[in-house]
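Going by the order they are written in, the chains are A, B, C and D; count residues from 1 in each one.
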Amino acid sequence: MTLDAHTVHDTELIQLLTPEGERLEHPDYPLTLTDPQLRDLYRDLVVVRALDREAVALTRQGELGLWPSLLGQEAAQVGSGRALGAGDMVFPTYREHGVAYCRGLPLLNILKLFRGVDHGAWDPREFGFHLYSIVIGSQTLHATGYAMGIQRDGGRGAGIGDAAIAYFGDGATAQGDVNESFVWAAVYNAPIVFFCQNNQWAISAPLERQTRIPLYRRAQGFGFPGVRVDGNDVLACLAVTRRALDLARTGRGPTLIEAFTYRMDAHTTTDDPTRYRSSAELEEWRLRDPVVRLRAYLTRSGQAEPEFFDETDAHAKREAAALRAACLALPDPPPAELFDRVYAAPHAVLAEEQAAYDSYLAGFR
Amino acid sequence: MTLDAHTVHDTELIQLLTPEGERLEHPDYPLTLTDPQLRDLYRDLVVVRALDREAVALTRQGELGLWPSLLGQEAAQVGSGRALGAGDMVFPTYREHGVAYCRGLPLLNILKLFRGVDHGAWDPREFGFHLYSIVIGSQTLHATGYAMGIQRDGGRGAGIGDAAIAYFGDGATAQGDVNESFVWAAVYNAPIVFFCQNNQWAISAPLERQTRIPLYRRAQGFGFPGVRVDGNDVLACLAVTRRALDLARTGRGPTLIEAFTYRMDAHTTTDDPTRYRSSAELEEWRLRDPVVRLRAYLTRSGQAEPEFFDETDAHAKREAAALRAACLALPDPPPAELFDRVYAAPHAVLAEEQAAYDSYLAGFR
Amino acid sequence: MNEAIETMPRPRSQTLTLAKALGQGLRKAMADDPKVVVMGEDVGRLGGVFRVTDGLQKEFGEDRVIDTPLAESGIVGTAIGLALRGYRPVCEIQFDGFVFPAADQIITQLAKMRMRSRGAVELPVVVRIPCGGGIGAVEHHSESPEAYFAHTAGLRVVACANPVDAYWMIQQAVACPDPVVFFEPKRRYWDKAQVDPADGGVPFDRAVVARPGTDATLLAYGPMVKTCLEAAQAAQEDGRSLEVVDLRSLSPLDTATVVESVRRTGRCVVVHEAPVFGGFGGELAARVTEHCFYHLEAPVLRVGGFATPYPPSRLEDHYLPDLDRILDAVDRSFSW
Amino acid sequence: MNEAIETMPRPRSQTLTLAKALGQGLRKAMADDPKVVVMGEDVGRLGGVFRVTDGLQKEFGEDRVIDTPLAESGIVGTAIGLALRGYRPVCEIQFDGFVFPAADQIITQLAKMRMRSRGAVELPVVVRIPCGGGIGAVEHHSESPEAYFAHTAGLRVVACANPVDAYWMIQQAVACPDPVVFFEPKRRYWDKAQVDPADGGVPFDRAVVARPGTDATLLAYGPMVKTCLEAAQAAQEDGRSLEVVDLRSLSPLDTATVVESVRRTGRCVVVHEAPVFGGFGGELAARVTEHCFYHLEAPVLRVGGFATPYPPSRLEDHYLPDLDRILDAVDRSFSW
């Protein structure tokens, strides 16, 4: 069989760090990080997990309506998030708290969304991080169109262009929009990375409900490369995303990355996963924990002292406490916010409704 | 690279008959046809072409609103159409007049649709041929669901089940629905054949607007076999479709067939292809004409006498004349047809509208 | 089918939540007709995110309670195909806001196929949609898209408002030879009522007077029926008698029942959660006015959502019609 | 931008078809702002199946006049992405009946993003839709889906009715910071009028009195404006003076202009091609009645399509409002 240059070379999982914390080399994905860089990655993982746990706790206490936890997916998110450049634009789902963190978006913004204070009202350009997208798959087309815009702008800087990266789940791969974005990206050779976090479940639907072959191979059918990376290995996620971004920036088009990982928590705080999956599966994945793994490596290689881990934990705890405090201090939005940012230009019907509602409310005062 | 059993074995075009009419053998697609069977295929091609030409003429004369010609695609349609069994169900686009003919659907039904007499009011079960589908791609999901129904019925007859076959064009492969049908068919291992007539154009959009790799390879990305057949070779189309149907019937799931062919005429009678494609391209494809090819083979091999060709032409002429006469005799539908088959059970709003319109019309009498 | 019922022990009346009543109705429909299949995201093993289909997969197997891939166009499109092969699929759209990827299959295919085939093809497909707000949900989980479907000829559009109707209407929807878009008021899923499986239910294309009254008519469906009943209760304490009509069916609309009520009361307020602008209330107001022109003491007034996307949940109490806004409209009607 | 205009020779008035006027308007918009891109199926090399974008690709190149793959969700979804990168995409949906695969991107994404981002994100995307029947087309090519979008908060929905408005409104739509669904009456594509590029046009959210009259008001938009003008002409010959209001914008609706007219005439007939049931006419009737209750001599009457899918073309003359049906409604209004 003849395969063109765009198909993947093997079915192996790209891994640079074993679950036991042993460092592996991969010819296609060389990666050199300094000790501080490694420690930064570890700190990201720990902080992101702590913030996520805090959000879950806040939800249990009724402070948030719902929370989709990233537990277990920290490495996929931090690894890919830290591969991004300032000019890149992220198109997330609703679970990319770790990527948001890497982009400098204060997580309070995301808590506001799940508290029902707003719909996620940050400015995507400020952070290179678009609004959360709850309608499964829809954001992949936005990312692709954005990448087409990059092409039309021409590359920025010294021959290095921006790139778009679309995040989505294993479940999303069944949606028409995601496949259309593959068509578009391939046809226009758009500077985009498709980053699929295969966390094995779409609520209660196991992977085999969406596909009968490994997901990264989907890209073959559209004529661009697909690669499966160990999603619990932050180094591999970083290296693989970097390379895909590099391809995108240099006119070599889209890549699909399947980050093979696991959703350790429930789908969201309202879900009951005991209805559909076994605790044995969970236990198995616990052995591949992304945070423990990097810690083992740092310890084993002497790249971090015990105090570093203590400091990191303390730092994470402070961050979480600050997030909690800020969340509890959030004021409810005033009713005027119902009306005032729907349209940029005046809209007579809405203006009329607002006036009527204002005078209705005034009747109670 | 490791490939599972479901990926295709080569990139070659399956061909059993060269453009010059030479018979080739293919190890995977043995085909033995008697002389009468071969002559029947030839007759189908000629009749189908004649009926299509008649419909174009009727359109030019204002008798039809529009006609999407199958010129050049006769072999793809007759080859696949003659591979089907009585219990199979076809889900066509709007161009499958040749398949319709093979299924025994009088083409007058299709002329009615394009004359605006009805929307194609035949009973799909009577012919194993569903209504035409104009909304690109929508029918592929219907076909897949139908195939899921076959699975639930259990195979009929002596271990031989029914199958569904979905027809669609190269342009359609960009639609979300088509890709979703690939997901579904793969996940449920449904008894379906996806028959894509790649006629190189989607109105003015050339193939490279929809894909950057050969279309049959799309199936790889979903985990089922894809094969490219010479769509102007009726024998190859027959053999390849037969085999795919056989896989479907025997629990071996879906196949994508890309019939590589060419739309010799305009997209429809209202299209002006000189705006977007060269006459040189057309001339090149004329050399691969599906009808001429089979005629050359039959002549060369002595499987048909000159009189046979004359008779066939005369027969086709008679069929076309009969179609024309029947078309011209079509009565316009009475206004009551507006209302009477929208709902099966009574619908108060519509009943009220109908009564009001009846009395309105009565006012003119 | 009838034999099966006869040989079954007489079913007993039960207290059921609306969600459970739907589940029981589906169970009955599946038991009566082996061609009925249930399909959607998470409907099987999980029993649906609202547990409406809880237990059905265990009872009827994976072939009849189908956990599908994650794509709504795929769900409705394959349901059409199953119907073409003789099945009666009941699709679940997980939340109102996720029906739009299926809009094409519903609007251009499901709704039109019978007419296109001049009756040769029947598509007895039910599309169940949990709808409406008031549960503090995140965006896209509180929509009221009924107007899109009520305007789509070829569909029947119904909305249940209580457990008894839930139980019967879902069965009638499954039995109906036409495609039905079936709205379920998600904030009422946990409301309870006594359901008597022997009663038979009111035909699902009829409106009912949910509470008789003499001074004005409130027209509502789905989640707003209960709110209107509460408003009528509050109004009674103020000496005003409001009649509440539960439309139950939007398409067809039971114009006769509505008109009879408004002619009697002379005033009408329409209530729905969807934005008023371009909403189904416009149809109701136009139709009522046409039929009751000389009976109306005031124009038909509409209470509903604003011409904005559904707001974040901390603002939804402002967006959703409540007792005060309904009674304010009633007051405006009286002081017209 | 203004400089460019100043240095250009003063444009001359031209006789243009509606299709050509749209093309000229787009050309002007593209010349004025390099961020404007046109995209869709067959819009480039072919110039669109109605030739609206004829010549634009030649003039502005393939990067700005983008022939896309064949998928409407993809077209609108990537247009959103382009807008997020600072472009102003104008998407063409080839025919009305093919907008539904894009319904999700339009309704859940395009319409809501500004509100969701509290104004941080603007999506100046135009979705052009040739609409309506009367051209003898095959199924799915004669739909009038405006009610779906008018009910979708966050969108602006406009419809042009003549070449002059076509020329100006398309430019205003492109310039508008909000997403606009732009309906083009396909059976009027070949209507001609004198277009003066110096005049400036009426703001695209205003209704205009297309023909003044005193006895009754006809409300219409898009393809039905011309039909109403003809009806008014015919009525005049019978001694009845009908005012025709061309709404131009459905969302927002210019209620003031409409109400002013109906208060003056005391009678109102709404005309559109879409099915009356659940259609935009319901909003108009409800709104007019609320604002003109004491001025109305008869209920607002609606003339439009029936609650059926669009019929085969040999029946479309029965389905589409024509002079007789409009004047019949006017008669009914007078004899109420």
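We take it that a contact is a pair of C-beta atoms (placed from the backbone, for glycine too) under 8 Å apart; a residue touches a chain by one contact, two chains touch by 3 or more.
Here the structure is a predicted model, which means the values were calculated and not measured.
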Next item on the list: Tell me which of B-C and A-C has more C-beta pairs in contact.
Entry: B-C
Checklist line | Label of the chain whose CA centroid is most distant from the centroid of chain C | finding: B
Notebook entry, point to check: Just curious, how far off is chain C from chain B if you go by their C-alpha centres, in Å?
Noted result: 40
Next item on the list: Find the geometric centre of each of chain A and chain C from their Cα atoms only, then give the gap between the two centres in Å, rounded to an integer.
Entry: 37
Next item on the list: Would you mind pulling out the distance in Å between where the CA atoms of chain A average out and where those of chain B do?
Entry: 43
Next item on the list: Report the inter-chain centroid distance for chain C and chain D in whole angstrom, where each centroid is the mean of the CA atoms.
Entry: 32
Next item on the list: Note the residues in chain A that touch 2 or more other chains, in rising order.
Entry: 118-119, 135, 174-177, 180, 183, 187, 209-210, 337, 342, 347, 349-350
Margin query: Touching at least two other chains at once: which residues of chain C meet that condition?
Written below: 68-69, 71, 73-74, 97, 100-101, 104, 108, 112, 115-116, 139-140, 153-154, 251, 253, 277, 306-309
Next item on the list: State the interface residues of chain D toward chain C in the complex, per the touch definition above.
Entry: 73, 97, 100-101, 103-104, 107-108, 111-112, 115-116, 139-140, 147-148, 150-154, 250-251, 253, 274-275, 277-287, 289-290, 293, 298-302, 306-309, 336
Next item on the list: Within their complex, state which residues of chain A touch chain C.
Entry: 65-66, 94, 113-119, 134-136, 171-172, 174-177, 202-205, 209-210, 270-271, 275-276, 332-333, 335, 337-339, 342, 347, 349-350, 353-354, 357, 360, 363-364
Notebook entry, point to check: Across the complex, what residues on chain B touch chain A?
Noted result: 1-4, 6-11, 173-177, 179-180, 183, 186-187, 189, 208-213, 217-223
Margin query: Using the touch definition from the top, list the residues of chain A that touch chain D in their complex.
Written below: 89, 118-125, 130-131, 135, 138, 140-153, 164, 176-177, 180-181, 183-184, 187, 337, 341-345, 347-350, 352
Checklist line | chain B partner contacts - residues on chain D that touch it in the complex | finding: 41-42, 44-47, 49, 67-71, 73-74, 97-98, 100-101, 136-141, 276-277, 306-309, 311-316, 318-319, 324-325, 328
